[in-house]
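Quick one: structure below, then a few questions.
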Amino acid sequence: MKALRVSIFFLLCLIGSPEVLANTIRINPGQSIQKAVDRASPGDTLIISEGTYKQFGIVIRKPLTVIGENYPVIDADFKGNILIVATSNLTIQGLKLINTGRSNMDDSAAIKFFDSKDCIVRDNILENTYFGLHFSNSSQLTIINNKISASALREFEVGNGIHLWKCKNSYIGNNEVSGHRDGIYLEFVTNTQAKENKIQKNMRYGLHFMFSHDNSYIRNTFKNNGAGVAVMYTKNVLMKENRFEENWGSSAYGILLKDISDSEVVGNIFLKNTVGIYMEGSSRMEFTNNTFRENGWALKLMASCDQNTFKANNFTQNTFDISTNGSLVLNTLTENYWDKYEGYDLDKNQIGDIGYRPVNLYSVIVEKIPAAVILWRSFMVTLLDRMEKIIPTLTPDEMIDESPKMKPYDFG
Amino acid sequence: MLKLLKYALYDILKSRFAMIYTVFMILVAVSIYQVSDDLSKVSLSLMNIMIMIVPLISAVFATTHFYNNLEFIELMLAQPVKRSHVFLSQLFAVILMLSLSIMIGFGLPMLLWGADTSLITLLAVGVILSAVFAGFAFLASVLTRDKAKAIGISLGLWIYFSLVYDGFVLYLIYSFADYPLEKVTLGLVMLNPVDLGRILMLMQLDISALMGYTGAFFQKFFSSSMGLLIAGGTLALWTLLPNLFAMRVFKKRDF
Amino acid sequence: MISVKNISKKFGKLQVLKDFNLEFRLGNSYALMGPNGSGKTTLIKTILGMVMPDEGEIFVKNQPIKGSHSYRQYIGYMPQIGRYPSNMKIGQLFSMMKDMRPEIKDYDLELVEAFELDQMKDKAMGTLSGGTRQKVSATLAFLFSPDILILDEPTAGLDPIAVEILKAKIKRERAAGKLILITSHIMSDLEELTNQAVYIFDGEVYFNDTIESLKELTGEVRFSPAIAKLMQWTLKKKVTKREMSHVETT
C-alpha cells in the first residue's frame, strides 16, 4: 500500500508539472506509439491524444508513464497482443484497448507483462479482449479501476480477465471483469490482495486460484459466473466480506474449496447459489459470520473435510442447509442461526435448548436421485422429514449444532 | 346466467362460512407475517398452508354447499332457465367465494405489509386449486345421491392428490433410480394439480436448488414459454375437466 | 295441454313409472293420488324436466319438452318443501324469480297482499318459519299467472287462515280456466279443489276420470271412502298382480 501511495503521488507530480523531472511526449492519431516509446527516455511521460490507433504488438522495455487523454482507442484489429511489457516502474493509465487477437497459441492479451516490477495499470477500459491483463513472473503490481469485458459465447473462445502467474506482493482493486473465461485467475501467486472487484458473468469461474498462498480477498463481488468461484491446493487464505451471488447451474458453486487449509472465511454473503460452499479435502478452516441465504444447498460438506469450524453464521431460506456424502463427521458446527430450527429456549439465553440437525432427510434422497427434487415441499416429503427429525435413520447423527441461536445475527 | 350467478353469489357471500373462512385466512396470514422476519419466509409458510388447507376446504365446502342447496337447485330447475346455467351459477358462486376469501384473507395482509412475485403466484395457485377442488366436489356431488358419500369421495380425492400420489411418485423414482427419470417425473406431476401448483411455487422459492443437476431440467422446462404453456394448459384442463364432466352429469341427472 | 306418452322411469332397479300415459287438459283440476312411493312426485318432476324419463315423451302445449326449458314459463310450481338460500331476503327471491321471466311484466300480487309478504320483504329466508316459507312458495307459483299450476301438498304446514286464502285462490284460478295439478293427502281439500281424479299405484295409472265417475265406480257417495275403496282394490291387485294386469286405465 505504501508503495502504491508513493507511486500515485509521484505520478500526480508528473502530471501536474511535466517539465520538472522528465519529458512529455504527445502522440496524436496517425502516429506510431511504438516509435514514440522507442524515442522516449526512461522516466518520460507519453500522452496519447484522443482518437483511434490501429496498432498492436507495442513493446515497452523502459520505465515510462503512458497516459491516455479521454480514452484514446488502441484497436489491435484481432491481431495479437496490444502492449507487451517487460520493465519496472511503468504506469499505464486511461487507455481503451480493444480487439486483441483470438489465438490461444500466444495467449493474446490487451497488456502482457513479463518479469516486471512496480507497475501500475489503472483506469483502463478493455473491450473484446482474449486475455485482459496478463502478468507472468512479476511483482509489486497495482491493478486498479480497470473495466475489462469480453463478449465470447463459449468458454474456449476467450481467456481470463486478470491473469497472474508466478507473481507476488500485488494489489488488485476495484476492477470490473465480465465475459471472460475466469474473471481473476491466480496461479502461484503469493502475498497478494484482491479487494472490491466486481466479477460478473464470466464463462467459467469468477475467481480461480491454485497454489496461491497467503492471499486475501476482501469485499469482492462474484456474481452470475458460469461456475462461481473455485479455489484449490492453497493454504492460509483470508476471504472476507465478499459476495457470492447467483451462481446457478449443475456444477455451479458460490465457492468451491478443494484442498484448502488453514484459512479463514469471514463475513461473506452467499446469496442464491445452487450450492453456497462446496468443499472437499479441506481442513482447519474457520467459517464465521457468513450469511447463507436462498441457496439451493448452503453447504455441501464432503466427508474428506476435517477440523473445520462453522461458527456464528446465518443460514436463512436455503432449500437445504447442509448435505454430506458420508456418516462420519469431523467438523464442528456451533452457535449458528438456522431459520429452520424449531426448538425452544426455556432458559432465555438466546441459545436453543436442543440441538439442530441441519442435514435434511430429503436432501440425502435428492443427493442420490436428483429427479426427486421435484417433490420437495410436498405434504408427503414434509411428513417424511418430520419423522426423520424425531428418529434419525439416514442422516448422520453427529452432524448437529448443539447451540443453535434463536435469533439471526445482525452482520449489518 | 349472470342473473342466477348474481343471486347465488349474494347468498354465498353472506353465508357464515364465507366469513369464517376469510377471517381464518386473515388470521393465518397475519400471524405468519408477524412471526416471520422476511417475505420469502412468509410465502414459504403461506404456501404450506395453501397446499394443504385450500384444497381440503374447497372440497368439503363445495360438496356441503351443493347438498345444502339441493332444494333450491330443484326450484331453479322448475323455472324457465337452462340446466347448465343453474349448474354454472352455483359452481361459479362457490369458486368466486373461495377465491375471494383467499384474495382478501391473504391479499389484505400483503397489501399492508408488502408482497413479492412469489406471493402473487401463491394467490394465483390458491385460486386455481380452489377451482380444481370445487370441480372435484361438484363431480362427487352429482355422481352420488348421498351427502356423506360425496364428502367421502371429495376427501378421498384430496388425500390422494396431496399425499398418496406423491408417495407413489417417490416410490417410482426410488425404484427406477438408475434410469433417467426427468421426463417421466415431469409427466407424472402434470397428472396432479396440487403438484403443479406446488412446483409453480418452487420455481419462486427454490430456484437455486432447481438449478442443480436434474433440477435444471425442470427449471428450464417451467421457465420456457413452451413449458409454461404446457403447465398452464394442464392446470386449465384440471380446472375445466372435472367441472365440465360434472356439468354433463348434472344436465342428465334426476332430481 | 300436457300429454304424457309412454313414459318409463327406473331408479336403479326400482321401476317407478311403467309405460305411463296421461293427458291433462286445460280448464280441469286434477287430484293426483296414490300411496307413498307410487310415483306421484316422479311424475311431477318428469313434467317439470327435473327427472329424465328413460323412455317416452312429454308434450306441453304440443311441444316436446326434451331439451327445452322455455316451456316452464307456463308452469307455476309449488314444491312440497320449499327450501331457499338462507341468506337471501324475500324481496330478493321475488326479484330473482321475476328476473328469470323477463318477458312477463304483469304480476299476480293477490297472494303477496293476502299473506302480507310485503311487510317481510327484508327478512332472510333462513329466519322464516316453515309456514311462512310455504306461503312464499305458493305466492311464487301464482306470481306469473301461469296456465299450468302444479301444487305438491299445497296446504301442508299452513295455518287455517292461510289454507283458506290459498284454497280460494286455487278455486279462482280454476274458474279462470287454468290447468291445475294437485297432490295432497287431505281428501277434503282434493274434493273441494278438483274435478278429476288420477290414482297412481306402483308406477301405473290405476284410475283416471272425473270424480263423479269415481264415486259411481266405487258406489260411494263421498270422495274419501271412494278413494279408500280404490286403495283396497289396488292392494288386492298387488297380491294378484299378474292376473289383474289387464286392468288398464282409460
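Here the chain labels run A, B and C in written order, and each chain numbers its own residues starting at 1.
Definition applied: a residue touches a chain if its C-beta (ideal position, glycine included) is under 8 Å from a C-beta of that chain, and two chains touch if they have at least 3 such contacts.
Model, not experiment: these values are computed from the prediction.
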Neighbouring chains common to chain A and chain B, by label
none
In terms of Cα-based centroids, which chain occupies the most central position?
B
Please work out the Cα centroid separation of chain B and chain C, and write it as a whole number of Å.
42
The distance between the C-alpha centres of chain A and chain C, rounded to whole Å, is 88
If you look only at chain B, which of its residues touch chain A in the complex?
37-38, 40-41, 44, 47-48, 51-52, 162-163, 166-167, 169-170, 173-174, 177, 181-182, 185-186, 189, 194-195, 198-199, 201-202, 205-216, 218
Give the list of chain A residues in touch with chain B in this complex.
248-252, 272-275, 294-297, 316-320, 339, 365, 368-383, 408
For chain B, which residues count as touching chain C in their complex?
3-4, 7-8, 10-12, 14-15, 69, 71-72, 74-75, 77-83, 252, 254-255
Can you list the chain C residues touching chain B in their complex?
11, 45, 48-52, 69-73, 75, 77, 79, 81-88, 92, 96-97, 99-101
